[in-house]
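Here's the structure we're looking at; comments come further down.
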């Protein structure tokens, strides 16, 4: 519907090629590790953006669904099931849980929805720590196997032990996620998400089944979050309750908001920028979190639309400046 | 008393009020006409200090007020009775009125006097002293809003569309009360309305606002016979 | 067409609507008037599923619609506009229209995600209908604009357009000219007449007597939640109860 | 039976803390519409400031309590001014992010200044007595009495003083209040001051029984947040009732069933309540 | 001018585990300082000084992996310390990767670490199961039979409770109540304590981090409890006695727990404690002492292996430099078993408000004979009794 001008398309193409070639340029394992994790976070954050940014429902259970994916893959692969089966199955389980939680939770609105989902998130986190038979308790599950090698035409057998392979695996899922989200969001169907965010009573009155639509957004977001969680589990090789905690939710939330809410690129930018900034601040030692806390406040005050919003504003300024120059 | 000199106001980067100048003398009763979205509310909010003009000046009794915070302007005796009434829905009628007397808080006698005066204007409010404002019907809420604005004995009252959405019967009642406030209480009144019929019948003078600009002004008799005004605001 | 049977709504202790019944005939303009707080909007809300009636039923033809959810009622051909102009003001004009047309299409989750062959067809169909209706309400040129750039009258027109785009049998308009000046009111009145000419039934709430008396085929009057009169404009004008409760002996405002 | 009474007593003491902390939060959330997720961290800081006066400066319990109250009140004003006022017109979620920033900052501050080890304040009233077969610590009783006094005082303040009424007025209609000559910014500052001061009182009363640690505010803050929503945003009776309900559920759940799952019971109950009554116990009906 | 060998550390330096993380780190820092002051290490004729580089991971696996990667690729650390199982497990996933391998020095007393086979991991403390058995034996000798548990929640606490329940009931003891509490987030334990005390236990098994454990003791006494306490090994008896109760043992009265560091039978302990507390302004802990000793072992192993950069070689050389002698380190290691450093479990006892004789348990000796051989080499002292106590799972030698 909204067709992009050619130069934006070119920019996306350039970004895509850069992403493909990235392993050639990473200077060391450390940077690579951060990049891989950011790609995973970008998947989860984009999903969160769908429910929070586009549909306007502040789900604070996102970390829990990430956790369901992570634990699902951990438990299933340890039971000998192939990663390629375990991943979709775990995501489907998360989607199912999403339906069960969403049906009562979506009866509430605004702050109340946020709190109901937050409570659900905390409960899942507690369960992860205490349902020892299933989750290994606070120790979690360790020694999770890497994705089983796959045989591809031309490329031969691909193993997922190396960072490069892990990176492409994660990148593939990120691109798939963005592709799917792009299709959903820039369509009449996607407009209904925004309609609900914008004016729910009116959406109701023009014949949108708002409840089902919200449920679809919620469940899709949870499904994708679980995919990210599943990838995370097999790449890190161990899961513990921190992979299902509300702190993770808050991290995602920070990524979404500081990146730029309700924009596809914002979620991705946030998921890369914040972890990188965090790592960059390591030199502050004990004062790192002190500084980071203050930085969060400052950024949200001066960039209420996030980094993407800030960039847009800058773009506008430049455009205005150019125009003035031409008219001179 | 009130003087606007080439006022410009923008909301969110959008120019809404453009180059408006006007002057209202003490004791006058003036109308501000304009269609929906013409900028009447924005102009009133600018005068009351809720919005700050980005160019031009507003003076009240010779003092520039365009940089003052709202509560300081209220203390000077310029009170806006806002569109949409802006009541405190969970508070009782009595408390709403007492909050109206906030600028003169502490002066018990004066407050009591003003309270009696408001109850005399709107007897229905006295009957419902303890009812929550939010449970009132539209007309009653409008009465309460006007009553509350009177509680601090303003020298000048800005009334933003008091008749909007009211039944014909109530519109008439409100119109009577406003005339009364102007004539008997000696309060300067600036009344914004898109119900031109009503406004031009009770006021002395009027300004017409279109897309944020003042396009016409004059006394009511003159405005009523103006061809354009008749067509746009009064109807055949 | 649409009939209301003994509708009653209570909010806590307050009975906002009490035992109201009427029938709207196909093709007419049916007006509901009454003092503020008489329960007009509440009545509309019950007719469109936004509120559940405490008592009573609403039928469209033979089909009972009370108790159904708003989207189900819309699908049965009942569209509405709200009292305070209600639009998707973060989106463009055309987007507003497409959203309102969506339920008539198969533009669901899977079709959209998979871009099935039907998807393209529906998308084109939705766009065509949206543009057609925009032309009908006189906003064809503004399709790409953002809502805040529209004038009040245009916003009201768009609200009506949103109600019309999905081709309803009946539209319920809650104060479609609220806050408009005479000139604009006249234009909206003409639009409503045009809607009637299309064979769409109109049910209308207004305070502007001049307009109502000229436009409505029949009028129902509410006062304190009860229907105190129903009839043609001439009957209503001369009804003593209505004059006392509402008109105050004067018929223009 | 004795055990039951003992648990109820524990629950009430906890509920008292929850009630005060949630009360302070509901003022800020209901009135200024600020989701101050860092409220629990103000409580934590209150504990450390009390420690500073008692432990470091060697002042008595009561003077320290009053001083803490003042310091935290000022800090509240500062926080409103620096962190939240610039965000007045932004979406709530932005203020929520700012709150997360603020809490990270406060927690790190305590860590840098006082270190990670738990700190103790000597208990001014270590005496115990027995009543109905249960052991009651004097300081614990003091917590309950202090909470009730505070709740009562706050009620009188809100309902029967003009300043209190202005706070309610700002809550219900910010612009309307402005147009009545109320200095809305000052009211916001005062509200924030009261809110943080109540958190400080809770911390001062409790810190002699408990232990201070930089992360002690996190969970409490979250619970206060949840209680405020459970009670119905901005509802004072809701916050008090919610606080006591949570306190007693936790004490009984933790004592009788399982400490690991006590929050599951508490939060689970909350989910159920909210799905049955989607705007909280005392929440206003949606329009 | 000497080259630097970087020793990495990633662990909780903020958040609830911060105190624990810092105790670990401080021990390492002090060891590095001492080693450097004594001239550093000499590897194949080349002089090296040790440099500790530390990063905070807040017990987040992702952060821990990032930190380790950073330490390995940016700082060239080939030895990385980490003190929490939740982060140790993912580090074991990457520490054998070609080109980015490092020796993982894991401070965690759970036997789960040994369950993961990893050629470049060394675990530092004794298994907590050794303490479970030792404490139980002493309690049994004291005539205690009825136990109630109010132990910290969390992985470690869960395992401790499980192990204690298993061992104590096997011995014939009784567990009358099990009411765990969250020592990291709770500040009031009266709900759990009231419930536990209602079952009339003779002693309470309690513990988590030291400060809240002190609080639990105080609250239990306030609720009228007169019996004894057994402290899980995370809670430090001396910290509670010296810091929480300011040296007054009357509230604690009867306690079995991990030994007071100052009471360890070591020649350097007094000096170590004094310098440690002066430098870091915190109470000395067992973690600090063990990490200190372990870094000495690693340093020596580097010299012996003739490399500072080959984790496998360094690990292999560790066995050659043990046992350590009691006049260099506070807690001398006796050897290494696969990937576990061997140090005795040291138990301290307070009875009637006074410190009693200490016990040292050799938990890895297969038989009496092996035990005696180890005992010969150990530092002894009159108020220490050295005992043999084989622990399940460690009898392979």
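For clarity, chains are labelled A, B, C, D and E in written order, and residue numbers in each chain start from 1.
Quick note on the criterion: a residue touches a chain if its C-beta (ideal position, glycine included) is under 8 Å from a C-beta of that chain, and two chains touch if they have at least 3 such contacts.
Computed from a prediction, not measured in an experiment: that's the story for all the values here.
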item	value
Chains in simultaneous contact with subunit A and subunit B	C, D
Remotest chain, subunit C as reference, centres from CA atoms	E
Centre distance in Å when subunit A and subunit C are each reduced to the mean of their C-alpha atoms	41
CA centroid of subunit C to CA centroid of subunit D, Å	48
Geometric centre distance via CA averages, subunit D-subunit A, whole Å	33
Per-residue multi-chain contacts in subunit A, two or more chains	129-130, 286, 288-289
Multi-chain contact residues (two or more partners), subunit D	107-108, 111, 260
Where subunit C touches two or more other chains at once, by residue number	none
Interchain contacts, given as pairs of chains that touch	A-C, A-D, A-E, B-C, B-D, D-E
Of subunit D, residues touching subunit A in the complex	35, 82-83, 86-87, 90, 92-94, 96-98, 100-109, 111-112, 222, 225-226, 229-230, 233, 260-261, 263-264, 267-268, 270-271, 274-275, 278-280, 283, 286
Subunit A - residues contacting subunit C, complex	1, 180, 183-184, 187-192, 194-195, 197-199, 201-211, 216, 220
Subunit D contact footprint on subunit B (complex, rising order)	48, 50, 69-71, 74-75, 79-82, 85-91, 95, 98-100, 102-103, 105, 148, 152
Subunit C - residues contacting subunit B, complex	14, 34-37, 148, 151-153, 175, 178-186, 207, 209-210, 245-248, 250-253
Subunit C contact footprint on subunit B (complex, rising order)	14, 35-37, 135, 137-139, 161, 164-172, 194-198, 231-235
